[in-house]
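Okay, so chain A shows up in both of these, paired with chain B first and chain C after.
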Partner chain A sequence: MNKRLLINTWLCDGCGLCELVCAFSHTGLWHPALSRIKVLEDKKNGLFFPTTCAHCVNPPCANACLMNVIVKDPETGLTIRNESSCIGCRACEISCPFNVCLFDYVNEVVVNCDLCKGDPLCVKVCPTGAIEFVSVEETPERKRVAAASDRLLESAQR
Partner chain B sequence: MRIVIIGNGAAGNQAAETIRKHDDQIELIMLSHETFPEYSACALPDCMAGWIPRSNLFLKNERDYDKQRIQTILGRQVSSINIDNKELSMEDESIAYDKLILATGSRPIIPSLKGSALKGNFVLKSVADLDKILEHRGSRVVVVGSGNIGVEVAEALEIQGCQVVLIELMERLMPKIFSHKAAAILRDTLEKHQIKVLTGEKVLEVIGSQRVEGIITDRRELPCDTVIWAVGVKQNVELAVQAGIDTGQMGGIKVNRHMQTNCEDIYACGDCIESFDIISGKPALSLLWPSAKRQAEVAALNCLGRESAYEGSLNVGIEEFYDTNFVAIGLTADALKEYEVQLIEKEDSRGYYCLAVVDDRVIGLELVGDCDRLGAIMSLIKNGTAISEVKRIISNPELLVNIPWYVDAGEILFS
Partner chain C sequence: MYGYAGKILELDLSNRRVVFRELSPEFASQNIGGIGFNARILYDELKPGVDPLGEENILVFSAGALVGSPFPTAARTEASAKSPMTGTFGTSNSGMFFGTQLKNAGFDAVILKGKADKPVYILISDENVEILDAASLWGKDSWETIDILKARHRGVELALIGQAGENLIRFASLENGRYDGWGRTGLGAVMGSKNLKAVAVRGSRGIRPHDPAGLLAVTKKGQDLIKSSSSYIAFTEYGTMNATIPYGKFNALGNHNFSRGTLDGWKENFGKQVVDVFSDRHMACQSCIIACAHWVEITEGKYKGLKMKDMEITPMVAFGATLGLSTEAAIKGSELSQRYGVDMVSIAGVIAFATELYKNGIITREDLGYELEFGDDDTAFQLMKDIVERRGLGKILAEGTKRAAEHFDGAQKYAVHIKGLEIPMIDARGRWSTWTLGMLTNIRGGDHLRCRNPVENLRYNENNYDYTKERFGFKSHVYDYLDMPDNLKEEIIDMENDTVDIAKMSHWAEDLINLYNSVGICIRPPVMDRIGPTTLAEAYQVFTGIDMNPVEIMEGAERAWNLMKLFNLREGEDIKDLKFPRRFYEEAIGEKILDEAKVQQVLSNYFKARGWDPDSGRPKDETLSRLKI
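So, the complex of A and B:
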């Protein structure tokens, strides 16, 4: 069964643990700049939004790649890279609308979330349950429910 | 059904792969005058600089074509297309097609000046060109033209230990890509690394008896043993024109949004066509790898009867020169002279950047420095999203929660 990360942004308190373990497990360095999951911060409202590769069906990063190293895995549907052929030109990075292709300054290649080969560490360490690992069938449904409850809450408050 | 593709570059191969992805029955034939399997032309300067081995240029090998059941006929020229019989003629045989995709590409221009045919004059467009330059082993090089290729080649050869002079006809480097400030920073960067930069200067003649010994410009004479011409490309449209296929005002094959030419069952994509700019809607020659791949995808899908339309070409240039990133997305203010363009220039810890804004929409971005997290801005340019809309979303957490990456865009737009 194919699974994806589901992010419940309202639960994120911005602790940054996900970024640290992601960076460490992929590069051996505890530096959030090397993380494939990014916690964006809305400083004005004190809100945090973890974002990571959406594994798009038709990924703009794959179109941009000058070396054709980005492909869709036919089995898992993940957007995967042959990092050894990457020349680090960063064309994919600037063409990702979500800003989640990241330049790995240690290996000088661009990377994206690889779901830790099916066992994502960020999910394990997240103390608030903001990141879950659920089946692809479940993700859209859960997102719809979340969006609907937001709307309901909004109209009740009005 | 048999689909024939002329061209083995980014567009030709993308077209073949797209067709195979959707249909494993169709007979696919790919023809090319080049003998190499698909390679990345964009990475040629990287190979020249010694950053990647030559073998890494290749994106496919012969077996990959077999695996995808693409029949290749390489190293052969197509001499004509017979539209009425739906047939291609080559030297000694002819090949029938049901649908034809032209991905004939472009070729670099060498101006016909005195001496420009002497030994020691080169261009860089193909692996064969690269091999010739490396074999020549020049040490005093003049690079003429400062587009992407020109500047990349200048850097690569300087790194290889050559003395390099870069000559540009216009008043600044990369004039079609960057405006004055970014071009000035680029010039400083190159000059710091001992590349001599001459702008506003015209090459008049190449001198030498047997081989290149120097060049004469309108201002001086320069001794050199190698001249690399990077003054632009010309669309390979001769085959199409001879068959009666229309070309556009800029010299590329004319296609509609479905990549169809005026002749039935003939499609075209890649460098050889004239498409349109995604922002201005004006006719444009887009010579970029991603544009070629997208056009090829559209052509292939329409060939298969699956409707698909091209969105338009977006100019994207991303270059790293001596560890500094230079990025240009969209149009420069020069390209939209008839509009009132507002320029927002900033310099901060990220570096220098300049946004060109027309009517509440970002139409172009130039940046020298940190190119992290630019994607959100690029998608605003591509989609024509209003700046006021970005402001509305980032000021409302309930909206922002669904598009949080606007935080990144906001940082560049409003900080």
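So, the complex of A and C:
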């Protein structure tokens, strides 16, 4: 599986359905703190930014982990955790440059997005298409095109 | 308990006593949640005849039963108390994220009693309930307070008041964070009278559904139903602004304090196309797939730089039509009302009332210090400030239109309210429909949000010949999609003559909306014309594990409506109070005027449909025993 979540932040309207079903499908509870995807909010500008694990090739969280709980799955390339060995020191949370390792304070372990075993539920429920599931190759390409068209639009307006 | 959080928090501010009540399955299934809980709690626990702004009034917040689930639009929380405006059941509904946090903190409802001896706010963080000092917040507007409290307590959702609530302006609102509010019936003044600035809540408990797979399935079903509605796409694009042009065309906007029909440039300034001028993105409440709200930015002119969630029909009509302001000024008006924490409909109504008094020489420049004119935003906002700060004439107007009218000779004919609550858009003279009858029968007074024909057809407006009927005018598939028992469909909708029986539809629509407010979903048209008791009973069952068939769940909603009616009757409401303002019967809009006898006839048909006495409007004993009250 060589697919990742692609987040089109400009489409997000902040309904929180992704958080809801994520927590739900992983824990059976609706509980915002248990969601592996977080919608950040810019209150003054009415903007929303869903954020989740990028599954870095060389993940800082894995390097920070004292217990070697975090490993890269050789087949899928995903950053996965052996949660039963997690001591809850939260070093990975601090080391994550995107702040998307999330501390599950019910079970006192840190968790990250596991892409729902290849069929992410957040993608299915997102009503606006802000979260897509696309191949690793496609993601940077799409981002470049989006950024370029923004720039083009800006220069056209100038 | 599944679905429900399982506890009700009771807090007495007078003696700082906190009680956790267990939510019993019987109480839950009898009253469902949201407004159903509030109706039961206030009916059982509030002594009749108390001063709405006194220590004895009770303010209740209840999250809907489905809140916390992914069911589409399940975000809504009902706040209720005895209203300082009407002296009867005061209630208001709001979405966003307050309810989900409340349930996550472990509470389905919060009951606030008593009065603190100095300004305080409450922090609910799971079972830790703290009463904290609010001296430094008192006097701050609601947005400043939100910024301070959100920085101080991470992740909280807030119900709070601005200066209006502190100053006991009778129509002060409760703000729900920065984006929404419990606007109507003056609940902010009730909170202010308790010396309470804010309720901050955050939760980390989580809600356990009875049947997770079933819940996801019914969520999907609900989403598909809403998406299949013919108004879905329109609502995702323009939200409630879709209706501004039709209501303008019907002469039903209540322009200039309901004194005139048409307004120049209404279509150009307030048609749905203006949304594209001011907004390029949408906002949603918890779990919503419609996202009708718009993020608005003003980029030029006097109000340049203003950014907020706005452009819904009610504030646009309140400031744009009732007061006749420009589009930008209408947005500014919503900002000011939110910051001060006043009900937009009532403040616009009161200012419009004062402006008409000024026009007719009943109040003068000497009384006021400045001139009032429809369409002048500077003086309108000056008067708003005077009202909120209770300065000069503002002190009288802060009591609301009904009370202020008693103060000035000859002012009665300009006072537009029902049961003391100012009327929002939709002038019943311009458009007689289920919706406008609903303003008379509304438990909370002159308001349009508790009775709405789920299949209202905005293409037609030709009912004035016969007050009992409204044109249906849809193809038969709309009729098929409607989630209503077949026998009722046949009784209410006459397919042959293409009409809807207004009295009977009002009964159904009020109960349906009461059901929505009990389970905590939204009354936007794409929801209303598709989702009804069948889907909701199913969602309720999979979420809470309590078996309830569509008839029983509807009965629960009807029970709550009757409880609220009994509450009102106990507070002295009389059938004579259910009247439109005099000018609706005496002054024509265009050529249209209301025929009082015909209105009374439909009203009495409505009482009959409800099983209430047609002459006195009191629920009959057999109706109450059928509803197990």
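One rule holds for everything that comes next: the second predicted complex is superposed on the first by the 157 of 158 C-alpha atoms of A that agree within 3 Å, B and C clash if a C-alpha of one lies under 4 Å from a C-alpha of the other, contacts with A are read in each partner's own complex, and residues count from 1 in each chain.
As a working rule, contacts are C-beta pairs under 8 Å (C-beta built on N, C-alpha and C of every residue); 3 or more make two chains touch, one makes a residue touch a chain.
Bear in mind that the values here come from a model prediction, so they are computed numbers and not experimental data.
By the touch criterion defined above, A:N107 lies against neither chain B nor chain C after alignment on the C-alpha atoms of chain A.
Of the two partner chains, both chain B and chain C are touched by A:N45. Once the two complexes are laid over each other on the shared chain, residue contacts for A:N63 go to chain B alone; chain C is not touched.
Within the superposed three-chain model, A:P127 lies in touch with chain C and out of touch with chain B [touch as defined at top]. Once the two complexes are overlaid on the shared chain, A:W10 sits against chain B and chain C alike.
By the document's definition of touching, of the two partners only chain B reaches A:R90; chain C does not. Contacts of A:T76 after superposition: neither chain B nor chain C is touched.
Of the two partner chains placed around the shared chain by superposition, chain C is the only one that A:L29 touches, whereas chain B remains out of contact.
Using the contact criterion defined above for the overlaid structures, shared-chain residue A:A147 touches chain B, although it does not reach chain C. According to the touch criterion, the shared surface of chain A, contacted by chain B in one complex and chain C in the other, consists of residues 10, 44-45, 47. The touching residues of chain A, counted against chain B in their complex, run 9-10, 40-42, 44-45, 47, 49, 51, 63-64, 66-68, 85, 87, 89-91, 93-99, 101-103, 147, 150, 154.
Interface of chain A with chain C (complex): residues 10, 13-17, 20-21, 23-24, 27-34, 43-47, 105-106, 125, 127-128.
Within the complex formed with chain A, the residues of chain C that make contact are 68-70, 97, 100, 104, 150, 178, 204-209, 212, 216, 219, 223, 281-289, 291, 295, 307-309.
Within the complex formed with chain A, the chain B residues making contact are 40, 42-43, 46, 51-52, 56, 59, 289-290, 293-294, 316, 318, 320, 325, 327, 329, 371-376, 378-379, 394-395, 397-398, 400-402, 404-405, 407-408.
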